[in-house]
Amino acid sequence: MSTTKYISKVVPDATAALEGLEDNMTMMFGGFGLCGIPENSISAIREKGTTGITCISNNAGIDDFGLGLLLHTRQIKKMIASYVGENDEFERQMLSGELEVELIPQGTLAERCRAAGAGVPAFYTPAGYGTEVAKGKEMRVFNGKPHILEHAFEAPFAFVKAWKGDKAGNLIFKGTARNFNPMMAMAGKITVAEVEELVEVGQLEPNSIHIPGIFVQRIFQGVDYEKRIEQRTVRAKSE
Amino acid sequence: MGLSKDQIAQRIAQELSDGWYVNLGIGIPTLVANHIPQGVNVEFQSENGILGMGPFPFEGEEDADLINAGKQTITAMPGASFFSSELSFAMIRGQHVQLTVLGAMEVSDNGDIANWKIPGRMVKGMGGAMDLVASAENIIVAMQHTNRAGESKLLTNCSLPLTGVQCVKKIVTDLAVLEVDPERGFVLLERAPGVTIDEIRSKTAGRLVVEGNIPEMQL
Amino acid sequence: MSTTKYISKVVPDATAALEGLEDNMTMMFGGFGLCGIPENSISAIREKGTTGITCISNNAGIDDFGLGLLLHTRQIKKMIASYVGENDEFERQMLSGELEVELIPQGTLAERCRAAGAGVPAFYTPAGYGTEVAKGKEMRVFNGKPHILEHAFEAPFAFVKAWKGDKAGNLIFKGTARNFNPMMAMAGKITVAEVEELVEVGQLEPNSIHIPGIFVQRIFQGVDYEKRIEQRTVRAKSE
Amino acid sequence: MGLSKDQIAQRIAQELSDGWYVNLGIGIPTLVANHIPQGVNVEFQSENGILGMGPFPFEGEEDADLINAGKQTITAMPGASFFSSELSFAMIRGQHVQLTVLGAMEVSDNGDIANWKIPGRMVKGMGGAMDLVASAENIIVAMQHTNRAGESKLLTNCSLPLTGVQCVKKIVTDLAVLEVDPERGFVLLERAPGVTIDEIRSKTAGRLVVEGNIPEMQL
């Protein structure tokens, strides 16, 4: 674990936050669909042109937003996700064999991220037993029920997005934009947090912090959030 | 004839008990929320991190930070809570959710389910479905009895890659309500209004158990 | 899992919350030292006279407070804890063999509680490798480092204490009184939460809830909290 | 002569680097917080669930809901956060804490440590010590060089039940600063002011490596 100075966690922008990011690295990206994704970091990685990326992310964005931007430029070599159904370019690259894909049950994905951050190298889960997900994995019965052994991820970089953050790296998420961000913040060897509102140390209520600063190595004030809605569903006012 | 999608959801809603926490999958299961019986209070869990999910927002009140597992904009009910995916699946794997309703492409007569992949054709991923079916004590499948080609989706063995094994407890289709007895097969409980046992039998490829008088569903 | 109605989670007091509690059960008790302990529930269990209790709790209270009250009346058969150093009666009963004791590393205790609530039957941890804690346990090397296999607890009852709670069972803890309470709330088959302030549904900020109501089966407004301080340490105003 | 407890803490404080997260055990380690060098910012983690632990409260301002792992009343610094024991030990096991300082009853010359139990006599429990020593990448032991009977606490093998194996990296005692090289033993780095190498040698039962000139500590 790097001995990052907590007083110098603040970087000016996403580009500065990418120091040390190299081709062929594994990276985690928070978010569920387009909700709570690190928009600024994704844009900066696209600009930097980093290639050979192994992405750990619940989804793969859509054709023209989120991780879809990095798929379009062929920066992603491998995708580890639970659901990738909203992305035609993704499907094309996968079926043509250009893109490696590893599909993982969503709860297992979440738990493997947490395990990485929590120093738990492996755990047993019932999810995927009897399916192709269990192929080659150790099976063991607990309380009469079969489980499979799953391992913690490793991620040199994790990119997360929070609602509010302070300069010590403490993070608070909003609504369902929390999703995978907390566990990925825990898991990253270098965790980059972009926030909608960066505040001074002491301005966040210590009792309401979702991710303590100890898990965050770099933080910056994000800009120009689009926060695109994937499935706009509404009801009429008359209802 | 058979039930409409909305009627399938309506029939499933009759299975709800007061105080249950319920996870509804994408598609027909989502419609169940529109048919909660009076006097029954349930809370909906969406695996992306909300308990106490409410209806869609009024136009103009959509919040990009408030969606369900189908990526649809939603609202939060009073008493709702937000949490991480890790805690969300702790609820699911830890069997704190009393009922899971989800769709399926195939179900076998011992309770296996396939709903995430058609090799070489559809590769969307399993999302949270494998965690849900592996852990839920009470799983109801909501689906059409046959696929678009008219072939039965209730089989002896699933032909598609499995999502989970021996996990489905009950199935509500446009034609029938069936219980899965892993030893005996699909036990017919109810018929859709106007649907005959013969029709159900002809459209069920797996073992079908018909015992005694089979009532029509009450909707 | 019981199908508890969330609208009837509220019980009038600790005594009512004990319905179904029987002799020789395993019970979890939240708290660290005397901080955040379920004072009302402990008193009610003492009054009820339940015996043969297997306690899962980080500590064992002190001679005249906390779980010490149940030790004094010999209601506890076995103690599973990480640290029991503040209790003379405890030490006496243990050395004389009257009390069974299982000492567990604190992080393993916490993780075994979480695992119980999270449907993870077992996990690997480095804590305790090479010590008597590892005796009889499976050892496995991950990333060159030896780990031992630990199992989820099972607890028919868990007693926790929160700062605020609503009638749907949502809980918010205060300061370091959070400690073991959240994981034990997750782990209990029947989790009884006592709160300093019970509010109506809708009065807690959904983004700030520490434990969602799904983990809580019974909740009541606690009374007469003593909140005793174990080690009062202060500095002079002149410093 | 040798160092006072406070001086041991003072010497250990010199090991702190700016930006570190640090866990201090009960006893001498707690005193380290009083000697942070100027220009060095560290945050203290207490395993009962606080990051950013501050000094003891002023009299009359004690809060029963705000204690450290030694059950002492404390305060929280600006930027502090509270969390569950589960997340606290996720930080510890996950190696997010850069330095752990703790006391010991015995240390062996390959880095084993014993500090939680004297069979038949003291049975307080290990608390968080086993998790800390099994996971921390950087462990400093703060202790007296000898026990009350005058016997060395730096041994070839620990005689008491172990807390962890091959984990101690550095030891600061009233007499010396030593590094643990599992292959060679205790490598003497510094002497307490006025303490001779002969005295250290005579009070160190395990293998002692003395190479070159051994400077006096600067306090």
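As written, the chains take the letters A, B, C and D, and residue 1 is the first residue of each chain.
Quick note on the criterion: contacts are C-beta pairs under 8 Å (C-beta built on N, C-alpha and C of every residue); 3 or more make two chains touch, one makes a residue touch a chain.
Every value quoted in this text rests on a predicted model; they were computed, and no experiment measured them.
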Pair exhibiting more inter-chain C-beta contacts, A-B or A-D: A-B
Chain C and chain D, separation of their C-alpha mean positions in angstrom: 28
Separation of mean Cα positions, chain D and chain A [Å, integer]: 36
Centroid distance [mean C-alpha coordinates] between chain D and chain B, Å: 55
In chain B, residues with contacts to at least two other chains: 76, 82-83, 89, 92-93, 135
Numbers and ranges of chain A residues touching at least 2 other chains: 111, 114, 118-120, 125-126, 173-175, 206-207
Full enumeration of touching chain pairs: A-B, A-C, A-D, B-C, C-D
Interfacial residue positions of chain A with respect to chain B in the complex: 32-36, 58, 81-86, 91, 94-95, 101, 103, 105-111, 113-114, 125-133, 163, 173-183, 210, 227-237, 239
Partner chain D, residues of chain A touching it in the complex: 1, 3-8, 114, 116-120, 166-168, 170, 186, 201-202, 204, 206-207, 209, 212-215
Complex contacts: residues of chain B adjacent to chain C: 17-21, 41, 43, 45, 51-52, 76, 78-83, 87, 89-98, 135, 137
Touching residues on chain B, where the partner in the complex is chain A: 46-50, 55-74, 76, 82-86, 88-89, 92-93, 112, 120, 123-131, 134-135, 161-166
Contacting residues of chain A [partner chain C, same complex]: 111, 115, 118-126, 140, 142-143, 145, 147, 151, 172-175, 206-208
